[in-house]
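Common to both upcoming complexes is chain A, partnered first by chain B, then by chain C.
Let's look at the complex of A and B:
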């Protein structure tokens, strides 16, 4: 090789290095995959996740490729997640608790892939977890019910584990606050009766339990299941209801006063942007109204303006990050002081909560 | 004019026309379905095929999915050979899982490591068999309909399992979430070839061979068949039908229990939600598609597993609804039933003035 050839090659190489091909300058198209618990039209949990996916597509559609798989149960989770990882997806979301350990196993084998798991508690160098402070929305809907004078609520609760327990407590705390401010008389020992489905969704039992509660003269039905059937049952019997998770009014429950709903879209967008900019780090993310991870739906026309104003004022505080819902003094059903005055339940206490606040009737089965 | 189903003079199942009779309508129905949702049928089938057999990982996952289907298929088949309808495989599967989980959680630590897996296998079998014992006794003793009793026991098993992982067996470190702690390593069924294929596959294949041999080539198998086909003849031959009914239902339950053990100790590695997802009921389809032949059960289980795993890719790759593979599964079942009928019968148009035979 003579000197001129060497010079020419050097010149060409340096030009190539200085001006990389046009395609390289553009950000790489990020491939995002979602493992979903059920079908995207389940009118609850998975619909909420799907709404987040739609939001993500709308925001970043031209920069990303999105795929999802429905009905990913525990035994299938590892296959589905590993399948996406093998196909070179950059970010994989596992959207239900059962996906946690399978995802952790796959994450070990694909250190360059980003994994995000919803509603669990384990993390890894390439796996974060995320959840939303739904209890804030539950507190607000309880507050609304209290302000409107409902003092004998019947709740169709789901699984007797910390998340719903926390939600029942927050709702009851809000309910008592609302009743106090409404100036009506009520029995502070029981304003909210809880019955358990022991499932996240079970439309037949939701209907049966709601109807049983109505026949026992409860004045408001609170839905906690992923499906709107307890609210639908209440509407059919002419009793108002509070929705949950997704907008129950949209699925026919016109009597629903308000539904606190999951709003995953902003978080999905945030994660994708961080991965694009190489700033993603695994964290245990738990946002609420302050990051719009949950929302309140539009109020039912029957909710008086004064009540709306008070609820929105509380919401504004939460949006500013001021969350005093679990501030002491808080007593459990048996009168035991659980959170002393002047302090506030920590996130760890909230995440492991296994007691019911004073005002709840019913117990935690095991 | 009316249609009449007549028995053919020469009936028999020839494999090539039979396969065609089954495959053609299923593929055609699938094609119509894909067209209806706006997908190219050929491309969709290619995605499914690729999803099921496209590479070693996909193939291995088909095998993994087939393991519980093989075992519940065998469970239904062995009972049906005696005209017993075990609809309770789901509950027996769950109970096998519970037993295996119990040993894995509370005894595996205290046992020498090589003894753990054999004990888990025995526990799984025993759990399933135990769950079939009461319906079996009721059947043998008072002729209580086993379809109803085994079915009812499914619900009880699921509630019992929920009680355990929500309550006394809940992982103390699990922040209150449902599910037991993960088992110690010695209680994980060995996996092979760097995939999720676990020991359960070889247990299932072994069980298929054993059942094929014992049903077809032993006096016990002969008795079972005779009791099933003709209780009177069995009584005449002085076979103790009650005892055989109990034995067969216990074996059936035990096989389903092994399926639960395999899922719990080979896949979930803990007892948790998502164990009772219908393998027990799928077993009924597998058994009947296999014409109750233990050697055909693994093949049918593989076919069904391929459909499920391949169908999953329809969604991930072609963005079609996940339920399409279930529709195809239904078409397959109908086509096989129809093929069975038409291989022994034929359809004839009969005029009203014609005298029936």
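Let's look at the complex of A and C:
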């Protein structure tokens, strides 16, 4: 390389440095980070969150930078979240319950960063929380099962805490409503048997629990775990199933009648836009069909058109914001009146629910 | 009656993985090599078995793949422990960590895929058999064949020269060496066998018990298998007993849950295999004379000819 070329290169470089490209002058790119519970292909909770991230990228991809970390369990949460905050991320999502306390600690140290936590109950001036009313989808799938005449459902439930309990109750309320409208005879005190996995994901025990329920002659298996294995076990034995969280049919469970699924994308987009426009405020957000935070997958071909119509009519009401699922009178398993006629359970009651509605067989373990 | 059949059927169905893995570990330990890598080898076997069967459309090849993959990990352990005389506990733990990580990394494209699997033998003339018909109908060929490994290994250990060599290598390698036993080769062989059996155990999970690959699908059964070797005091027949006991505890748990009668809390059932192992350990130590059998004399100790 002779001196002239060297000079030329130096000259070009100095010009470039002196006049940065026009893009630099635009509004800065918002940096968004996600702490994820498990792997993005876990077929359940984290896959749903990842679908939301993909949606966010599609909508705002040219204006934002997105990063995520997988398998962020309680022990790692603070390190991961703090790392993102240090690197100057503008908004950080903690996508599972156990991120709540670590996130709150980091939020105190980084007041300019926005934090969003899923499924918790704590907020701070720079930390909001969000969740979706999955129970609405569970109600609709129960309603569908009832209309189709399933009256001895076996549910493979997860952890005995308010969220699944609420879902079991909503499903059972829907199931009883469907059975009532189907005109079939049934035992109103015993339409849905619940067994507990005591884990969010445990495919081995999930399969055996589902097989146990099938061999005890339950006519429909309801999956609640993050993995589709109870649905898969049902399909293998020729028993229909109801999926949960992500589309179980997509993972080979062809017998699934319908799956209510999480749909986080629209919420992610909304929050990121707010941060862009400096209008974000912390809130405790709990949306349902009305904001498309949950969806129903396509029905199985075996679901009769009349049933589809009725389910979609109920869904349309929920989309309008008319949610009367937990309207009284509601009795618990022991016949005690829990929600009197003329009123409906408040959000606070729903979020702390610790009783099972009449029609459920099985109890809440200690 | 139905309930009893149900409990026995689930017991039989959920015990083969622990049985295979503990039989493999038993032979490995009888030869003097403690391998704590069972959990990792099982996971690798589960993945390799599922993937091989799926790609080759042959269950037999799937089993071979499972044995080969887990066997390779076992060879790594053998190389470290026999050749380099490394600490067996550390090497074994490394194998578990490596196997767990490797399987979850390599297995990602296969999560949720469906492939071949051993189906239950029901739906044939077997259903009509009196009493055992409904029980057998829920089993699969693989699980039933596993049972044959118990008498085979009892014969091998007790009645053949190879069994004698294995026991000698585990009991007193110096004396065995003086008597002309190729200690290093025997120990390599035993560890490899243990790996292959752990691979088969993993393949049982991914090809028969809950078909498909799931990350971390062994759920601690490898550790149970190691505990069961101690519980069995290094005897194949008692290993079968231990595996069936594990299956029974599992079955009871499901039965209690499905019927809503919880006579024994599930947490206690989860703990029982370990509690029983501790009990047997105490028994083995307290009883001066080896009534049940005892720890192979040179278990966990590296052997070097020069010393």
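Keep this in mind: the second predicted complex is superposed on the first by the 341 of 366 C-alpha atoms of A that agree within 3 Å, B and C clash if a C-alpha of one lies under 4 Å from a C-alpha of the other, contacts with A are read in each partner's own complex, and residues count from 1 in each chain.
Just so it is clear, contacts are C-beta pairs under 8 Å (C-beta built on N, C-alpha and C of every residue); 3 or more make two chains touch, one makes a residue touch a chain.
Note that the structure is a prediction, hence the values are computed from the model and not measured.
Peer 1: For the three-chain model obtained by superposing on chain A, do chain B and chain C clash or fit?
Peer 2: clash
Peer 1: So, A:65: does it touch chain B (first), chain C (second), both, or neither?
Peer 2: It touches nothing on chain B or chain C.
Peer 1: Just checking: does A:78 make contact with chain B only, chain C only, both, or neither of them? Give me first, second, both or neither.
Peer 2: In the superposition, A:78 touches chain B alone.
Peer 1: Touch check for A:363: first (chain B), second (chain C), both, or neither?
Peer 2: In the superposition, A:363 touches chain C alone.
Peer 1: Pick one for A:324: touches chain B only (first), chain C only (second), both, or neither.
Peer 2: A:324 sits against neither chain B nor chain C.
Peer 1: Check whether A:302 is in contact with chain B, with chain C, with both or with neither, and answer first, second, both or neither.
Peer 2: Neither partner.
Peer 1: After lining up the shared chain so the two structures overlap, which partner does A:39 touch, if you call chain B first and chain C second: first, second, both or neither?
Peer 2: Both partners, chain B and chain C.
Peer 1: Between chain B and chain C, whom does A:343 touch in the aligned arrangement: first, second, both, or neither?
Peer 2: Once the two structures are laid over each other on A, A:343 reaches no partner at all.
Peer 1: For A:198, decide between first (touching chain B), second (touching chain C), both and neither.
Peer 2: The answer is both, since A:198 touches chain B and chain C.
Peer 1: To test your reading of the overlay: chain B has the stretches 27-35, 135-143 or 207-215, and exactly one clashes with chain C. Name it.
Peer 2: 135-143
Peer 1: Counting contacts the way the document defines them, which residues of chain A are shared by the two interfaces, the one with chain B and the one with chain C?
Peer 2: In chain A, positions 39, 198, 365 sit in both the chain B and chain C interfaces.
Peer 1: Considering the complex alone, what residue numbers of chain B touch chain A?
Peer 2: 57-58, 61, 64, 162-163, 166-168, 170, 175-178, 182, 196, 263, 267-270, 272-275, 277, 309, 312-313, 315-317, 319, 321-323
Peer 1: Sort out for me which residues of chain A touch chain C in the complex.
Peer 2: 39, 41-43, 154, 193, 195-196, 198, 202-205, 207-209, 212-213, 215-216, 227-229, 232-233, 236, 251-252, 361-363, 365
Peer 1: Under the touch definition given earlier, write down the residues of chain A that touch chain B in their complex.
Peer 2: 33, 39, 67-71, 73-76, 78-80, 82-84, 86, 97-98, 101, 120-121, 159-162, 165, 198, 351-354, 365-366
Peer 1: Could you pull out which chain C residues touch chain A in their complex?
Peer 2: 6, 9-10, 14, 104, 108, 111-114, 138, 205, 209-212, 214-215, 217, 219, 250, 254-255, 257-260, 262, 266
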